[in-house]
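Labels A, B, C and D are assigned to the chains in the order they are written; within every chain, residues are numbered from 1.
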């Protein structure tokens, strides 16, 4: 693993200076990561469900953390494709969390998948795959 | 067209009560819509680029508007799949806008595509397709 | 499980009468399935790699088998969305196999994911997610 | 345009030596292409519909042609992501055709979209987006 959890959390805090709105890292493996997001009013859609963009944002940052565990704190990887399936309605006002796993970390491209869960729903509420374009010279 | 631009704007204001953060509708056709979003600091990522979730959020609401132009102000359509390709870097601190077109509006499913542009970049900065699950009885 | 492996194999043979070109079922769980495909010359692309459409075809039929294990031999589920990431080059002239798992089986929609492997490559060569639209009255 | 229609057709014939099963090129622009495929029994699924893998295969080769119109006859571009939405049921035993347009042709990555039509159905039967990884040194 090319980075510790503390180093990565500090790096994310610096990269996302708007506050902890992107979620909190609570597990980091070699090519995997888990983050949690406390859902507040600004994350909700009518009917009380967590909005899609909020889930996509959490998926994005969690997979980014999983990628950095493999390549180190290189700030130049760029998301080029994101696909997400919304599977079940999350519970309003309950935290959501994401489990991200890299499927491939290549020289020019990295791919991973993310499951998103909502407290109070046993099965995943969303599943996403993402592709990153990697900086040419690492 | 099942709804006017004014009716739709009022409906979106009501559905997204957090303010105009979701963008402003400025064109509505029969199965198409255009919306613009003024990018501010909270939408940026390090390096000054507009964040992916902000573009996904704009794509989502614009295609939702295009869908409602076909089915009327029915608040029950749910995004089930979103795919997005990020093509070019948007210009920081410049507005982004989205042009959405429905490809199919069926009884149980609707599909559409969205191009996202950034002021100062001639070609699209992102392209997204989305699927909606439709309420059973309309 | 709503169907045995023998029943499902017979059903697939009937549905795909062009011969075993779609692969052979060798494992069936409650919401999961594994199939193998012997790669021959007609499946190859220049450079000796297994073609994308061949992998997509195997992913499609394997996830269909996984779905039928949950809903029984209902021939009316239709693929509405397929997303696939090609991760690594398969070995030419070696079998490929697919492991499919349902992520959701709902009333109107089902979603699942498939990993594709190539004999001689340790990690997956492709990963796919798919959505099915379900027949209205089951 | 870096290649004529005749040069590209000859190149595809060579790349896909299994016969014309991949379709026939009938229009080529600067970053766009159209191909047609005569549907026969082997392309059908029960119920008489054209199978998904057949449509994906045609989408793949047509967008490849559109890409080659921009970069010349370089055989090393590789599909890394394909997303397809199946919109309507094609007519059995009728030709299908594909209109492909590049959305971006960059140094390391190219992205395009494809609409698929079926003779006898006015609106598109499928829509696909694809990403290619480009050979490092062109």
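As a convention for this text, a residue touches a chain if its C-beta (ideal position, glycine included) is under 8 Å from a C-beta of that chain, and two chains touch if they have at least 3 such contacts.
Chain-to-protein mapping (UniProt): A, B, C, D = Phenylacetic acid degradation protein.
The shown structure was predicted, so the numbers you read here are calculated from the model rather than taken from an experiment.
By count of C-beta pairs in contact, A-B exceeds the other of the chain pairs A-B and B-C. Of all the chains, the one whose CA centre sits at the greatest distance from that of chain D is A. With centres set at the average Cα position, the gap from chain B to chain C is 33 Å. Chain A and chain B have CA centres that are 22 Å apart.
Contacts with at least two other chains are made by residues 80-81, 83, 85, 131 of chain B. Contacts between chains leave no pair untouched here, as each chain touches all the others. Contact residues of chain A toward chain B in the complex are 14-16, 18, 41-42, 45-47, 51-54, 56-57, 60, 75, 78-86. Across the interface of their complex, chain D is touched by residues 80-81, 83, 108-109, 131, 133, 136 of chain A. In the complex of the two chains, the chain C residues touching chain A come out as 83, 85, 87-88, 103-104, 111, 113, 123-124, 127, 129, 131.
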